[in-house]
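So, here's a batch of structures to check.
Shared between the two complexes below is chain A, which pairs with chain B and chain C, respectively.
For the complex of A and B:
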C-alpha cells in the first residue's frame, strides 16, 4: 500500500521536471547561450574596418587590455557613477522622508493613495519618450527657456545641452523623478513592517520624532536600504535610454554624459564584437558581485532551504 | 503647568509638521506631473503658436497635429501595432510560464529542485544588456533577426516574475487543494490550469501589467534587433525623431508623437493603479 503510494508520489514529482521545461529551454537559449557566446567573443579580434571584416582571430586577453588601457572605459564608468550618485542622493533623501511621513501614525496624512499613485507614475513612463520630451522642453527654443527669459530670470536662453553639468544634472534629475516613487514604496513597506510597540516604547521614554527616526527606524531598515541601494546601483550601471535619447547617442558635451551601456551599444551597433564582448564580461562580473551581495543580504538561500 | 506647556508645544509641533508634509507633497506632485501637463498643452498647439512661447491654456490643434503625424513620414501606426503585439504577447507568455515554473518548484519534490531554485534567484539581478552581444548573434543565427519574436520569446524565462509568483504561491496555494484535485482524478496539467491559475489571478494581473509596461518601454534590445520600418516599435521611432534634425520638424507633431507613446500607459495606470502600487513591494522585499 505505502509502496504504491510512494510510486504515485514519484509519478507526480516527475511533473516537476515537465513544468520546468519551457522556462529552462527559453533560459538556456536566450540567456545562457548568449552569455557563453559573449564571453567567447571577448577573446577574439573581430571588428569592421569600412567594408572589410577583421577576424575573428583568437587574441586571448588583448581586448581587455585595449579596453582598460584606452582610458575611455574609466571616463565612461566615472560619468555613469557621477550621474547615478547625483540622482540617487536626492532619491534616497526624499524617499526616506516621504516613507517616514506616510507611515507616521501621529501625522495621519490624508490622500496617501493619491500621492502614492502620483509619485509612482513617472516610473512607468517610456524613458525614451520622457527624454525626448525633456529634450524639446529644455532646448534653446523650448518652453523652459521661453519661461525663464519671459519672466526675466535669464537675459537670453540657456543652452542646457552644451554644458557638462546641466546635461548631467538633467539626466540625474530624470532618473530621480522616475525612480524615487518606487523607492518610497519599498521603504514604506519596510517601515510598516516595523513592530509598532517599539515606537510606543520610545515615545513613552520621551523620544521625539527625529530621535525615533534615527535610533529606531533607520537601523531596522538597514537590510532594505542595502537592497534599495544595490538594486539602484545595478540599475544605474544600466543607464542608457535617458542619456542616449537626450544626447542622440553622442554623450555630448565632449563625452561627459556617455555611460557604460551607451559605450557598449556603440560597439554592438558597429559590430565591434571583440571589444563589445570584453566590455560585457566586465559589466557581467560587476553586476554579478553586486547581486551576490543582495542574495546574501536578503537571505535568499535560507528561503531556498526552507 | 510645565506638562500642559509641553503638550501644547507637542501639539503645535505635529500641526506644523503636518503642514510641512502637505506642502512638500504638493510640490512633489507638481514636480511629477508638470511635464505631462506641458506635453498635453503643447500637443494641442500649432508650430507657429509654439514658436511664440509657452502658455498654460490649451489650443485647438490637437486633431490637426494628430492627423499630420498619422500622414507623416514616421510609421507611427505600424509602430503602435508592433508595440502592442510585442507587449501583449510578452505579458501573456511571461505570466503563464513564470507561474508554471513557480508551480513546479512549489508543488513537486524532485532531484535538483533546490539547485534550480537557487540558480534562478542567483541570476535574477543580471541585466539583459550584458548578454546582448550573444543575443544578437543568436537571433541572427536562428533567423529571428528583424523579427518581433526575438523580443517576446525570451519572456518565457524571466526570473524576477518567477520569484514574485513563487512568493505569492506560498501564501495562497495550499498543497491540500492540489491533493484534492488529484483525488478527484484531475491530471497535473488540468490541476495547474484550472485550480492553480484561477487562484493566482491577482498576481498574474500585477505581473501582466509590469511585463506589458516594461516591454512597451523597452528600447535597448529592440533597437539592436529591429531594422525595417515594418517592424519598428514606438521607442525606436522616438529615437529616430530625436536623431533627425528636429528643428526642421513641425513641433506640434513632435509633441503629439511623444504624447502618443506616453498617454496610453498613463491611462492604463490610472485605471489599475490600485493593484500596481500594491504589487510593487510584494515581490522584491520581504521583511
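For the complex of A and C:
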C-alpha cells in the first residue's frame, strides 16, 4: 500500500524534471557552453591580422597579464561603476517613492494604470534609438542648445559631449529613465505582497507614514530590493548600447565614458577571442565579487534562515 | 533588467533564425528558376560558372554596371533601407546565362569587411556558385586584401599594361601589392580640391573667381591668414578641423605602420594636429566629427562656413544639392586647388582568387575601367571623375562641361591639375583604423580635455585594441 503510494509520488515528481528540460537545455547550450569556451579561449592567442588568422596558440595567463598591466581595465571599470551609480541612485529613490504612492490605499491615486504604463514605456524603446535621440537633442546644433541660447540662458551653445560630467550625466540619466519604470513595477509587486494587517496594526499603534515606511515597508521589501540591486548591478556592469551610440563608440571625452563592454567590443574588431575572453572572465569575476558584497551588506543569509 | 535582456536576446535570436530560413528558401527558389532560364539562353561564356557573386557596400557600382555594361540586366531585388539611408540585401541580375548576385552590406561598423572576410576565408570550401567572384574595396583598407592571395593579379584576368596606361598612377599605387603586382582597378579617380562658398569669398576676400581665391589659400600659411579674416568677419574657415585631415594624411612620407608593425606618426600628420589645435583655439573651426550635424551646417548659408575639402562626389552627392536653399542648390560653391592636392575616396574592383568566372570578371573590369567610350559616358551621365587621363583632359578643355553646383565652373581643369600630384606609395593595411582612431583621439586634445601626449596615448590604446598585431 505505502509502496505504491511512494511510486505514485516518484511518478508525479518526474513531471518536475520533464518541465525542467527546456530550461536546462537552453541553459546548457546558450549559457554553460559559451561560459566554458570563453574561459578556455582566454588562455590562447587567437586573432586576425587582416585576412591572416593568428593562433590559436596556448599562452597561459599572458592575456590576463596584458590586460591587468595596461591599467586600462581599472579606469573602464571605474567609469562603468560611476555611471551605474549615477543612474541607479535616482532610479531606486524614484521607484521607491512611486511604488509607495501607488501601493498606499489611503492616497486613492486616480489613473494608476495609465501612469504605470507611461513610466514603463521608455523601457520599450530600443536603447540605441533612445541614445540616437539624445545625441541629436543635445548636439551642438541641436534643439536643446537652440532653446538654451534662444531664451538667453546661455550665450553660446554648450558642447555636452565635450565635457566629462555632462556626458556621464546624460548616459546615467538615460539609464535612469529607461529603467525606473521597470524597478517601480518590481517594488510595487513587493509592496502589495506585504500583509495589510501589519499596516493597520501600525496605524492603530499611532505610527505615522514615515515610520510605517521605514519600519515596515522597507524591511519586508528586502528580498525584492536585493533582487533589484543585483540585477541592476549586473545590467550596469554590462552597460554598452547607450554610451556606445551616444559617443559613437569612442567613449570620449578622454575615454571617461568608455565602459568595460565597450572595451571588449574594441577587441572583437579583430576577432581577438583570446584577449576578449580574458576580459570577459575578469568581468565575470568582478560581477561575482560585487554581487557577494551586496548579498552580505543586505544580510540576506539571515533572512533566509528565518 | 537582466530578464528584459534575456527576453530581448531570445526574440532577436528567433528573428535571426527566421531570417536565415527565409534567405535559404529564397536562394533555392532563385537557383531553380535560373536553371530553367539557362536552358533557353545562349551566350559565349558557357564553360564558366553559373553564378557571379559580387560583394559591395552600396549601389554605386551596380548602377554603373546597369547603365554602362550593356549585357547586364537586373531581374530582382530585395534591398532594404535603414535610417541612415544605407541599403542592405541582395540584388539579382544576369549577364547572358550567368546569374549575377550582388551582396550589399553597408560599410558602417565594419559590417562590409566582416562579411567579406568570412566569405573570403571560406572561399576554398565554398561551392562554385557560392564563391566570391568580384568584390569592391576602398583605399583605406585596400592593402588588407591586395597584399594577400585573396585577390587576383589583373594580368591573370587578361588585362595588360597597355589597357591601363591612361589610368592615373595613384589609382594603381593603391592596388599594387608589396611585390609590385597590380591587383585591382578603378573606373573613377577622386582627386579633391578646396570647395569654397562664393558668397563668403566675395564678401570677405572681395572676389569669387577661382584663380583669385586660390591666391588666398595657396599654401598653409596663407590659408591660416585667410582663416583669421574669416573669423573676424564671423565665418568659420571649415566646419570641423577634420575637414583638412585628408589633405595632410594623403600626402604623408611614411606609412602609418612600418615593416615591424610599429605605429608611426608622420610629420605631416603632426603638422595637421598643430594647425588644427591653433585653429580650434582661435575658433576658426570646430572640433566636431565629420558627417555629423555641425559638419553639415555649412551646406546652408546660415552655417557660416567658408570652405570644405573634397572631390567631385562630395559636392555632387553629399552637400544637399537637392535641398532648396542650400548653397549647392543655388550654385554658389566654387572650386580651387587649395594649399595641397589630395584625393579622397574611390572604389576599386578586385577579382577574388578561386573565382569560377575569371573571364567574365576580367571583361567587366576591362569594360568598366579601360574602355574610353564607357568612361566618357560615365562622366557625362554620372558626374564621376573617370580614371583616364585622355578622357579627362578632353573634359577639362570642354567649355560646355559645366557644373551647376559650382556656378557654371568646369571642375575637371582643377582636378586634372591636382590628380597628377597625388602620390600614394605610403599606405598600410591598417590605415582605416588609424585614421579613424587618430581623429577621434585628437578631438580630446582640440577640446582641451587632454594634452597632445595623453591624446596620443589614447590613440595607441585604441588602435592596438583594434589591431592586436600592432605596437608602438
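Assume the second predicted complex is superposed on the first by the 243 of 306 C-alpha atoms of A that agree within 3 Å, B and C clash if a C-alpha of one lies under 4 Å from a C-alpha of the other, contacts with A are read in each partner's own complex, and residues count from 1 in each chain.
In this section, a contact is a pair of C-beta atoms (placed from the backbone, for glycine too) under 8 Å apart; a residue touches a chain by one contact, two chains touch by 3 or more.
For clarity, every value in this text was computed on a predicted model and none was experimentally measured.
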item: Chain B versus chain C as contact partner of A:263, first or second or both or neither; value: second
item: Contact breadth on chain A, by residue count: chain C or chain B; value: B
item: Chain B versus chain C as contact partner of A:35, first or second or both or neither; value: first
item: Partner chain(s) touched by A:12 [first = chain B, second = chain C, both, neither]; value: first
item: Which of chain B and chain C A:273 touches, first, second, both or neither; value: first
item: Chain B versus chain C as contact partner of A:52, first or second or both or neither; value: second
item: Contacts of A:71 with chain B and chain C, given as first, second, both or neither; value: neither
item: Chain B versus chain C as contact partner of A:136, first or second or both or neither; value: both
item: Partner chain in contact with A:152 - chain B first, chain C second, else both or neither; value: neither
item: Partner chain(s) touched by A:179 [first = chain B, second = chain C, both, neither]; value: second
item: Set intersection of chain A contacts, chain C complex versus chain B complex; value: 136, 141, 182, 231, 234, 238, 248, 269
item: Footprint of chain A on chain C - complex, ascending; value: 1-5, 110, 117, 120-121, 144-145, 147-148, 150, 286-289, 292-294, 297, 429, 433, 440, 443-444, 447, 449-450, 454-455, 458, 461-462, 465-469
item: Residue ranges of chain A in contact with chain B within the complex; value: 9, 12-20, 22-27, 29-31, 33-38, 41, 94, 97-98, 101, 106-109, 113, 115-122, 124-137, 141, 143, 146-147, 150, 177, 181-182, 185-186, 188-190, 193, 209, 224, 227, 231, 234, 237-238, 240-241, 244-245, 248-249, 261, 264-265, 268-269, 273, 276-277, 280-281, 283-284, 287-288, 290-292, 294-295, 298, 300-301, 304-305
item: Sites on chain B touched by chain A in the complex; value: 14, 17-18, 21-22, 24-25, 28-29, 31-33, 35, 38-39, 42, 51, 53-54, 97-98, 100-101, 103-105, 107-110, 113-114, 116-118, 121-138, 153-154, 156-157, 162, 182, 188, 192, 213, 216-217, 219-220, 223-224, 234-235, 238-239, 241-243, 246-247, 251, 254-255, 258, 261-262, 265-266, 269-270, 273-274, 276-277, 280-281, 284-287
item: Residues of chain A that touch chain C when the two form their complex; value: 47-54, 70, 72, 123, 136, 139-142, 159, 162-164, 179, 182, 231-232, 234-236, 238, 248, 250, 252-255, 263, 266-267, 269-270, 272, 275
